[in-house]
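Listed after this line are the structures, all set down as C-alpha cells.
Look at the two complexes coming up: subunit A is in both, with subunit B in one and subunit C in the other.
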Partner chain A sequence: MRKSITFYGLTFSLPMLVWQALFFLAPLLFLIALSFWSVRNFRMEPDFNPDNWTRMLGRAVFWQAYLRTFLLSASAAVITSILAFPCAYAIAFKLSETARRWAIFLMVIPFFTSYLVRVYSWQIFLSDNGIFNALFAQVGIGPFGMLNSSFGVMIGYLTLSFPLVVLLQLFSLVFVDKTLIEAAHNLHCGRLRTVFEVIVPSAKVGLVIAALFCFILTFGDFVSPLYLGGGDPPTLSILITDTTKSGQQWPRAAVIALTMIATLLAVAFAAVSFAYRERGR
Partner chain B sequence: MTDQALVVFDGVAKRFGNFVAVEKLNLEIRKGEFLAIMGSSGCGKTTTLRMLAGLEAPSEGEIRLDGKRINDLPTWNRDTPMVWQSLALFPFLTVRENVEFSLRMRGADKAARRRRVDKWLERMQITEFADRNVAHLSGGQRQRVALARSLVTEPQILLLDEPLSALDAHLKVRMQSVLSNLQRELGITFVYVTHSQSEAFSMADRVVIMSRGRIEQIGNPQEIYRAPRTKFVAEFLGSSNIFAGEVSNVSEAAVKISTPAGEFDVVPNAAKPLSKGNKATFVVSDDRLHLSNRPPEDRLNRLQASVVGEEFVGATAVIHLEGAERIEIKVQKSHDELEQLNLEPGAQVWVSWRPDATHILPGE
Partner chain C sequence: MNSFNSNRLIDWALKLYVLLSFGFIFAPIAASFVFSFNVDRFPSLPLGGFSMIWYEAVWADPLIWEGLRNTLIAGVVVSALATAIGFGAAYTDFRYKFFGKSVYMALALLPPTIPVVILGLAMLAFLSNISLSGAIYSVIIAHVVMCAPFAMAICRLRLSQMDPSLEAAAWNLGASEWMAMRHVIIPFCKPAIFAALFITMAVSFDEFAVAWFVSGLNETLPVKVLGFLQGQVSPRINVIGTFVFIASMTLVVLAQILLMRRSGTPATTSAAAPADIGVVTP
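On to the complex of A and B.
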C-alpha cells in the first residue's frame, strides 16, 4: 500500500532532503561529470571524454584491487557476523535487564577513541617484534607475519565494525517474540536447534542489515588496508589515493569511486531484498 | 489416583520470588476429558498449564503424566503441545512448514512427514492455503493452522491457553464447535485455560475454578452453576445473590438463616450440616427471584428493596436493587415480565423466592 505524501511528512523530512541533495546528490552528480573530464599538463579540463572509463576498467590492476576489496569486505561481513552473534545472543537472552544496559554501554565505549588510534595500537600487537610474537616466542613458536597481511586487514576491519555489528544484531534479537521460542521448544525443538530454526530467521532483517553495515564500512575503509595491510596489493581506497597522487588523475579516481558507489548500491539493494523476502504467497 | 488419570498434579506449587502463583495444587486430569481451567487474570491458571507443558518448573510437588514424573523433563521431550493465545505461528514459514515443524524436529522421514501433514491440512480444511505465508491468513484460518501444528504428532493431550480470546463473537462460537467436535472425534484430553465462563461452560466436561493460586471448585458446568461451593465461585459466575448470616433455627425441611436483610428459609445442604448459631452463606440465582410491586403472598422468603437501575442483556434484563443495609440484589427477567411492573429508579419493589431456589455454600 502506498500512502500519499502529506504536508506534515514533507515538512518534517525537509531538513534531511535538503541535506541529502546538497551533500550527497550534488557531489555525486559532480563526481559523475568529473569522471569524463580530461587532464592535460597536470591540469583538469571540463570535457566529455569516455577515455577515463575505458582506461580504468580495462586495467588488470583495477580488477585485482576490486576483487580483493570485495572479498575482504565480504569475508569481514561474514566473519564479524559469526563472531558477533554469540555475543549479541548472550546479551539479548542471558543477561538481566541491568547487565544488558551495562553491556550496551561497554559496546559504545570503543567509539570514544578514534579508529585511527585503535588501528595504530594494533600495530604494536601485530608487528614482527610486537607483543603477540613476543608471547609466542615464550612458548617457542613464531614469529608470525601478522602485520602487512590480509590477517592484519581483517583485524582492523573487526576493530572497526565488531561493536556496531553486535549492537545492530542485539537490537534485532531483543525484539524476537519470546513466545515463538517457547513454541519451538514445545514442538520438540531443542535449545541449540531453536537458535537456528527460530531465532535467526526471526531476527533475519537485523542480522542482514548488521552484515551489510559491516560490508559498507569496510569496503570504503582506507586506514586498515594501509596501516595493517601495508597497502600492497592495494584495495580500491588505496588505489584512489595512488591515482590522485600520480599526475592529478582526479577523473580516473572518480571512475574508481563511482564503481565503488555502484557496487555498494547493488550490494545494499540485494541485501535488503533478501532480508525482507517472505516465504510463501 | 484413579486408573483413568492422565495427568496428576500432586501438591504442586509455583513461586516467582515472593509471589505465589500456584499454591499446593492437587488435580487429576482424566484421559479423554475436556477440562477447562477458569479464573480471573493472575489466578494461576496459565502457570498451571505452563507447568504441564514444561515451560515453567514447579517449585514444589510432583507432576505425573501417564504415571511418570515429568518435573525434570524438558518441554521438547514431552509430547504436550500447546496452542497459544497469540497462536505463536512462525511467520517465516509457510502454512505447510508450520504444520510440519514438530515432525521435522523429531526426525520423521520426508514421505511420512508429507503424508501426516497432508492429513492434518485436510482435516483442518486448510489444504488450499498450504503454500501461503501465515501472515496472510484470516483469524479463523490461523487458528486451524495452530491446531494442525499442535496435533500433527497425534499427542494424547492438547493444551490451549485462551486461544479464542482474539476472535470476534461469531467466529468464537464457530471455533468452539470446531474444538468440541475435534476433541470428541480424537478422544484425547484437552486442557483449556480461559477467563470466559461461556467458553468454559459450553465446551468442557469438567471445569476447574481457580483463585489466587488455589482451586475453588471442580465439577461439571451444571454442578458449578447450580451449586457453587464458595462465595468466590458464586461471585465469579456473577448471576447469584449472596446472603450471609447466622442459623437461627434448624428443622427437617428447612434451615432458618438470619441475615441483615431479614430471616429466610433455606433448603438444607447435605454437604454442609448446620446447627443453631452456625455462620452460613446461601445464594439465590438471579433468574429464580420473583419481583412484584405489591407484597407477595406469605410463606415465601421476601424482602423489600428499591430499584437502582436496569441493564439489558439481550433477551432478558437484569434489574439492580438495593435492600435494607445496602444489600445489592440482582434479578434477571424477560422484558415481557418487566413490562407489568413499575421499575422507575427509586421505586419500591418486593423480591421473593421459594426456599428450594436457595443453595447453601458448603465452602463458607
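On to the complex of A and C.
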C-alpha cells in the first residue's frame, strides 16, 4: 500500500469528496447562513439578523409542533421496535436458512418502493368508507374514524420504518452468541427470561440503533402526518414545507430545519451513548 | 439450535406473526394494484366492476408522460453518476489509509440520515442562490447526493469479499494500477456495480420530497403523484402506483439476484446496504 498521492488514487477518491462537499455539505452550511438573512418586500437579502430565530422560537405554534413531532416520533420508535422485535426474532431464530434468506429478500424490497404511493394506498384502507370499515361493518361494528388521527400517522410511520427496523434488529440478533442462549437453557432459564435477560442485552446496540433510525426517519417525514394525519396540528416537517412553498420565508424554514438537525444530533448522541454504556452501571 | 427447548405453539405463533408482518408491508402495494382496475372513483368494498378506464386516463395524460420522461432522464443519469462516484469512494476506502479518512467516510455515508425535507430546503435555497434550481439537472444533482452512499455501500461490501493481494499480484506481474483496475477489480465488482446501478435508479425513481423542492416546473413522476394527492381522490394514483411498484420492484429484485448469485454470503449482502450506513453514524 503506497501512501503518496497519485493521479490514479485521486481519480477514484475525489469525485465523492467534491460532489458531497459541494452539494451536500455546502447546502447544509448555507442553511445556517440563510437563517440569519432578512426578508424585505418579499425578497431575501443577505444579512446578519437574529430576528428569524427570536421570532420562530418565540412562537407557541412552533413549540406545540415541536412537542407533537417529538412525541409522535418517540412513540413511533418505541411502537415500531416492539412490533418489529417478534418478527426479527422469529426470522433470526425460528426460520430455516432458506426461509430467512427469502424473508430478508422480501424485507429489502419495500425500502426501495414508493413510500408515497403506499401512504396513498393506506387511505383506501383507513378512510370512512374504506376497506377496514367495510370489513368492520360485516361484523357489525364501526365505522371508526381512522384517517386524520394519530393512529393514521402511526400506520404511516410503521409503513416507513417497520422493514428497516426489522432488518437492523435482525442483523444484531443474528450475531448474538448462540452458546449464551444454550447456556441459559441449560441453566433452566425460562423462555421469556432468556429473551429479556440474555438476547436483548446482547443485541442492545443493534436494537437501539434500529429505534434511532426509526426516530430519524419519522421525525423528518411530512407525508404521513399530512395525508394520514390530516396535517392539523402540523408537525415540524409540515411547517417547513408550508413555510417554504408559501413564499419567500425560507429563512424561517431554515430556522425550523436547523432546530430539527440539532434535535436529531442530540437524540443520536444520547441513543449511541446509551447503546454503548456498560451494563449494570 | 435450541430444538430441545422449543414449543411448537410458540414457534407457529411467531411464524404467523412474520406472515402478518409481510401482510402489513405488502397490503398497500396489493391494494393499489387491485383498485387500479376498479371502475369506481371512490375506493371501497365491495369492488365495482373491472375496468381499464383509469389506465386509459393515465395513458392519455400528457402531463404524466412528461413526468415519466423527466423521471427516466433523471434516473438514468443519476444511477450512472452515483454508481461511478460510489464505486470510487468504496475503492478509496478499500485501498487507502489517509488522514481524515473518517471524515471522508462520514461525508460519503451521511446523506441518507438527513431528513428529506431539510435536505430539500437546503438544496433549494443553495441551488437557487447559484441559479441551478428548477431544472432536471437540479434533481440530478440532489439525487446523486442521496444515491451515491447506497452505491458506495454495495460496492464496498463486494470489495470486502476480495483478497487485497489479488491487486498486488497483478502489479507484481507487471500490470499498471490502471490495468489492475480494468482487469482485476472491475470484473470482480461487476455484479455489485450493476446492483448499484439498479438500486440507485430505484431510489431516484421513487424520490419525491427533494425533487419536489428543487424541480420547479420540471416535475418528475413522483412529484406529480404528490400533486395528485393534494388534489381530489383519483384512482389514477393507483395506476401510476402499480407502474411505479413494478418498476422499482424489478430493479430491486434484479439487484438482489445479482448480489446473491456470485457472492459467498447470499441475500445478507444486499440487505446490509441500509444497515451498513447505520454502523458509521456517530
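The rule we apply is simple: the second predicted complex is superposed on the first by the 251 of 281 C-alpha atoms of A that agree within 3 Å, B and C clash if a C-alpha of one lies under 4 Å from a C-alpha of the other, contacts with A are read in each partner's own complex, and residues count from 1 in each chain.
FYI, a residue touches a chain if its C-beta (ideal position, glycine included) is under 8 Å from a C-beta of that chain, and two chains touch if they have at least 3 such contacts.
Because the structure is predicted, anything quoted here is derived from the model rather than measured.
Touch counts on subunit A: comparing subunit C and subunit B, the chain ahead is C. In the overlay built on the shared chain, the residue A:Thr80 is in contact with neither subunit B nor subunit C. Contact with both subunit B and subunit C is seen for A:Glu182 once the two complexes are overlaid on the shared chain. Using the contact criterion defined above for the overlaid structures, shared-chain residue A:Val198 touches subunit B, although it does not reach subunit C.
Of the two partner chains placed by superposition, only subunit C is touched by A:Phe219; subunit B is not.
In the superposed model, A:Tyr227 lies in contact with subunit C only, and not with subunit B. Within subunit A, the residues touched by subunit B in the first complex and by subunit C in the second are 182, 185, 191. On subunit B, the positions that touch subunit A within their shared complex are 53-55, 74-77, 80-82, 84, 86, 88, 90-95, 97, 101-102, 105-106, 131-136, 149-150, 153. On the subunit A side of its complex with subunit B, the touching residues are 177, 179-180, 182-191, 193, 197-198, 201-202, 204, 278-281. Across the complex, subunit C is touched by residues 1, 3, 6, 8-9, 11-17, 19-21, 23-28, 30-31, 34, 84, 86-87, 89-91, 93-95, 100-122, 124-125, 127, 129-131, 134-135, 158-159, 162-164, 166-168, 171, 178, 181-182, 185, 191, 209-210, 212-213, 216-217, 219-223, 227, 237, 240-241, 244, 250, 253-254, 257, 260-261, 264, 268-269, 272 of subunit A.
Contact residues on subunit C toward subunit A in their complex (touch as defined above): 1-2, 4-5, 7, 10-11, 14-15, 17-18, 21-22, 24-29, 31-32, 35, 42-46, 84-89, 91-92, 95-98, 104, 107-108, 110-111, 113-127, 129, 141-142, 144-145, 148, 152, 177-178, 181, 199, 202-203, 206, 208-209, 213, 222, 225-226, 229, 237-238, 240-241, 244-245, 248-249, 251-253, 256, 260, 266-268, 270-275, 278, 281-282.
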